[in-house]
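The next part holds the structures, each set out as structure tokens.
What follows is chain A paired twice: with chain B in the first complex and chain C in the second.
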Partner chain A sequence: MEEESDTRKINNSFLRDHNYATEADIISTVEFNSTGELLATGDKGGRVVVFQREQESKTQPHRRGEYNVYSTFQSHEPEFDYLKSLEIEEKINKIKWLPQQNAAYFLLSTNDKTVKLWKISERDKRPEGYNLKDEDGRFRDPSTITTLRVPVLQPMDLMVEATARRVFSNAHTYHINSISVNSDLQTFISTDDLRVNLWNLEITDRSFNIVDIKPANMEELTEVITSAEFHPQQCHTFAYSSSKGSIRLCDMRQAALCDKHCKYFEEPEDPSTRSFFSEIISSISDVKFSHNGRYLMTRDYLTVKVWDLQMENKPLETYQVHDYLRGKLCSLYENDCIFDKFECVWNGSDSVIMTGSYNNFFRMFDRNTKRDVTLEASRENSKPRAILKPRKVCVGGKRRKDEISVDSLDFSKKILHTTWHPHENIIAVAATNNLYIFQDKVN
Partner chain B sequence: MEVDRGAMDCAVDAQSLISMSLMKIHSSRTQRGGIKLHKNLLVSYVLRNARQLYIREKYAEIYRMQQYEEVMAVCSGIQELEPLEPLEPLEPQGAEDAEPEQPGRAAGCGDESRAAGGREPPEPPYYRSCCMEDQFSQNCNKTTVLDLDTHVVTTVENGFLHQDCCCAAAAAPQCAPGAAARKRKVDSAGCSPDAEEPSDYTAGRKRLKREECSGADASNISNLISIFGSGFSGLLSRQADLEQVCSKQALASLGAWTRAIVAF
Partner chain C sequence: MFPKGTKRKFSDSGEEAACGGGDQGPSAAPAPFAAAARTLSSSYSLQRQSLLDMSLIKLQLCHMLVEPNLCRSVLIANTVRQIQEEMTQDGTWQIMTQALAAAQCPADRLVATEVLCRQTEAAAAAAAAVQAGQSPKPFSVSGLEEGYHSEEVVIDGDAEAEVAMSSLSPVSPQLSSASYLAGPFGMGPCWEDDEEDADCDEDEEEDSEECASEGEDGERHHLRADSRTGEQVFGTFEIKHPAPPPDPALEELFSDVDPSYYDLDTVLTGMQSTPKMGPYDLLESLSSHGPTALSSSATCRSDLNELDHIMEIIVGS
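After this line comes the complex of A and B, so read on.
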């Protein structure tokens, strides 16, 4: 993707334009579906908002389809676990789409404890002409009916309904951090800090535990699982990342309990960079398979790494996202920013990777040209159809015009969640409670 | 563990990191959604790193002071052939408590033996006493341990509180090799690295208690050290005097967290 890109902002009908950021509106996950036609966002208030791309207009071929709100529903509500006296947050941690198999759309959404399968379907006709009910729905006295008629389907305004078709609950003691749909389209995994469970999409009262790293004595706990994902093509393979900076690839055919990995990816720590916070910054916050299934990408606090599945002892490529923060780890620890979990994403052709940073910056790395760019998602800096200007952080010495110094970065503005259209150069970036969608320039 | 202090943007003080980390652990109890296992695990790593550095620095300071005192003791011993001042006639191993006013005195077994009027043969300096192997004489296997929380003085056979060693060994699988190496230089006993950690603490605790006069901060840290002397479980299960860091009420709830963790 070129540095200069045509940016188009979402029309303001759904950019939540508050003067204050209500907690509940903070976007906690974004995900395109497999065709890119739909974009789902989940927020801290347990709501899911689905956007649909406008059909491209024949009369205005230069105008690419915009994304408009398609459906909004409350996916999860706050709950209370009475046994443990714990409140269960309604925040949506992850959304994963199922590939479309009929007219309806299906997605999985999860909070800390429960995964739900939602069906989103359209209704644009309704039956009219009932015999026993009149148009208002009131029942008619059967004795007044003299003739019978067959109800006919009349067009109506499009209505999009979301219904919960399955609820997968009571399988996780710890907080769910990720879900992943298998390429077999029949099963999916849900992952918490210590366990990975395998579900069948049809069966909600049973799940199989396939990874369990809980030690017999919890005092001996040294690492937790931070994310897990199925291989995009091999339905028997999945990978999970740990807080120690390692990734394990597992084959479900080997054993029912996949405690023995078949591949173990870890880069030895560089002793010269050891600090109080070494363990924190090496914890992997996200793991993603490439679309072609040959690579893995991991995100830790300061870097993004691309791993070749055939090479376990070191990553293929390492990209510094914001190395200038290395000297600020102490203050980032103090304000808790060091615990932020950034996600990373591949583009459709696996040639570019993208991840977020602070100050509403996000970074893209072109794996082929080795060029990288820092862009900013902010209303002030981007007008509709304006080209996004590359940003630069000044790390020391003389600050040039338009550069921003490390100390002026706003750490409350962080881009944790981003997603890339599966085929086109369209990206969605969540900046706290605002959603930005950027498109590549139309030639 | 070598800490890249140069890269730190603020005056990274092991002590402030420890108190910051404890505050985070405490506040995580009241956060919505329950205790986040991952975050608390990472915080415990920072705690461990800060603690290791703090202990090493304290130990280095003690060692330096110890060397100085030994030199002075030898000098004074040469000049005057009188025995050292006898200490108050307390419980044989209760001398620790009674010596706050003798800053120059080396703590530990050596003192105790002298204080007890030679009841025990001269022992090697205190920091050797823990985890001693059989090669030393039986008498040298005794260690006095002052529990800073309860102010109870106990004598430990074979140099370590069994519970402390096991917990520390379990909770600190990656013992700092640096600390272990240094210990070996001084101590000819071939202790396992894990076992040396608690011995550092018991030794450190004794010395820390003596130097407590420096005020509330130091006493807080020495109390914290006593917590971590038992490894992770020590953090959870001990009632610590952390008034400067947390309110007593909050602390009472720390115990509940122990139960919560165990319940998982």
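After this line comes the complex of A and C, so read on.
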């Protein structure tokens, strides 16, 4: 495959000083909303930071579409479950935006156990001129009020408020790994290691368990659910992936409990590459429907695969993300990197896919031209508005200039979370505690 | 006598062999176990053994957590199952156990099974020691037993957690011991007894200090059930009674073999340090000392002192 000539520019990046970065600052999820106007990140400290795209300005064309902080709020707090004597981390595992229906924005955020619905709204006016209350907000003696004054709205500094509207709790015994909003805009699913629950966005005191793979005897447990997502158009269809590398498509019209799948996607194992790590590296870390709803993309440890919903026995396309690690699986098992959960995303037109790797590298694959590129999100190698250079990892033999050898890759710098603007070529990449936003070359 | 470097080589050359099935590598095995040696000397077997060891340690550490990463635990457990299956198929166990059985008296059975959970050289060393009339204490203590017990602390009095934990609890005992019952010794009932005894212990385990000695306690029960003669010998390992100083020659032997465990443990625990563990950090830090602490009674006591110190800090604060 030929390396795609680089067309990406660093737009802006939100860098926290490395010296002050703490564990809590590590970004654990990143997500554009459905218009691309907003971008949300969640971190290990339970905070959600929302960025808003600048309006285009004629005077500063280069500033087109820069993202600036819009709102920051504490979504989840650390909790302690006294009954089970265990701490519940505040880390935000996933954020999903609800399609915008009025002036306010809504998003769902989840940690290991609890999903919350947040409303983010603006306020730039406040009512003034009440005469029923005094300045301290206390009611006046009604006998002293002789006239009724209508309050008027006065402009004030723009204020962005985030308020928790719903808290969906107590439905998960295991750790929630994903949430997905349904296209009916009324329901969503939350998925943990063994179960999928269906919620109504308005109702917090009950949810419906639609998938349960917990065996009666936990000794027999050999498989867990790793991710689940609703179909983008068909509100009755959802897919979930497993640690054994398979994907199940379920139809909620068939039964209330979707234990029986209607489609089962799995690629037979290649006996020539079989090893003790075969199962671990085939475990799917992320599953995403294409925007058009025709394909499924899955990410396992070494590859990203595109599946046609009409073909269950093998993927339509398989892309190698970092095949040079195949010879290092033992070390990666030893240091636990082999269990890293990389996510994957589609571009707006489903023609390009992107996923992360180690050493702050991320990969893009053009499905039409079959070209791929490795880019790096790093402060050292990219200045704001600089053009990204494609990177290359050299595998054995002689290392050419500008190449990096497999042995010098930094496995502590990993890009697990990425998101792509729904319509434009703007991507956001989370690298540890830094968020990088890249966009197609302006002009 | 013992190939010091074999385990260390693992992370480097292990990759090719474990992934691609490469056949070069150090061939080293104690002379008395020639039959087993032929199989074990191939680097593939050694690496498979190392992978098994590593996986078991990882599982053990998983058990220390109240809520382990289920996906990770399941994947590791499946790996262990896979290795075990393969080893059963190619008869590695049988050769090993037969060789050991031929060489040893009944009291060594336990040590022999230890081979299944630990590196073979170590077990061989322990076995050889027994044969020479010395007590095989350091290696008779299985780290997995320890893991299993600490886990029960967690289970205490919570149905939901129990479910969660039981998902993992059976894995290690089953894989480390129970599944080998099918072996030529037929010592199944002994291990089951052990489990019952362990259950009785549950109440005392509230205190984390107790947990420190759990490994020994479990071991003690275990031995009592296993062989009458062993009781006396192994009784001395109970933490409350200081054990006699280990034979210097023996210690040297083990110091030759054991360090890989230090390394691996440090690596693993360093890696495992997630911020969420809360009250069970203590357990984990203890566990990290587990295998080493148990390798001599002296370290054992110093660990207890350390624990005392930690407890003081906790109580004080």
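Note that in this section the second predicted complex is superposed on the first by the 400 of 443 C-alpha atoms of A that agree within 3 Å, B and C clash if a C-alpha of one lies under 4 Å from a C-alpha of the other, contacts with A are read in each partner's own complex, and residues count from 1 in each chain.
We take it that contacts are C-beta pairs under 8 Å (C-beta built on N, C-alpha and C of every residue); 3 or more make two chains touch, one makes a residue touch a chain.
As the structure is a computational prediction, the values presented were derived from the model and not from experiment.
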Three-chain arrangement built on chain A, chain B and chain C clash or fit: clash
Contacts of A:N335 with chain B and chain C, given as first, second, both or neither: second
Which superposed partner A:C258 touches (first chain B, second chain C, both, neither): neither
Chain B versus chain C as contact partner of A:I353, first or second or both or neither: neither
Touching partner for A:D193 - first (chain B), second (chain C), both, neither: both
Partner chain(s) touched by A:P271 [first = chain B, second = chain C, both, neither]: first
Colliding stretch - chain B into chain C, listed as 79-87, 187-195 or 205-213: 205-213
Set intersection of chain A contacts, chain C complex versus chain B complex: 84, 86-87, 89, 112, 173-175, 177, 193-194, 218-219, 221-224, 226, 243, 275-277, 279-280, 283, 326-331, 333-334, 336, 339
Complex contacts: residues of chain C adjacent to chain A: 10-11, 14-16, 18-20, 47-48, 51, 54, 66-67, 69-72, 74-75, 77-79, 81-83, 154, 158, 160-161, 163-164, 166-168, 170-171, 174, 264, 267, 271, 275-279
Chain B-facing residues of chain A, complex: 81, 84, 86-89, 91, 112, 173-175, 177, 193-194, 214, 217-224, 226, 243, 271-280, 283, 326-331, 333-334, 336, 339
Residue numbers on chain B that touch chain A, as the complex places them: 1-4, 7-10, 12, 17, 20, 24, 32-34, 36-39, 41-42, 45-46, 49-50, 53, 167, 170-171, 173, 231-233, 260-264
Chain C contact footprint on chain A (complex, rising order): 23, 80, 83-87, 89, 112, 173-175, 177, 193-194, 218-219, 221-224, 226, 243, 275-277, 279-280, 283, 326-331, 333-336, 339
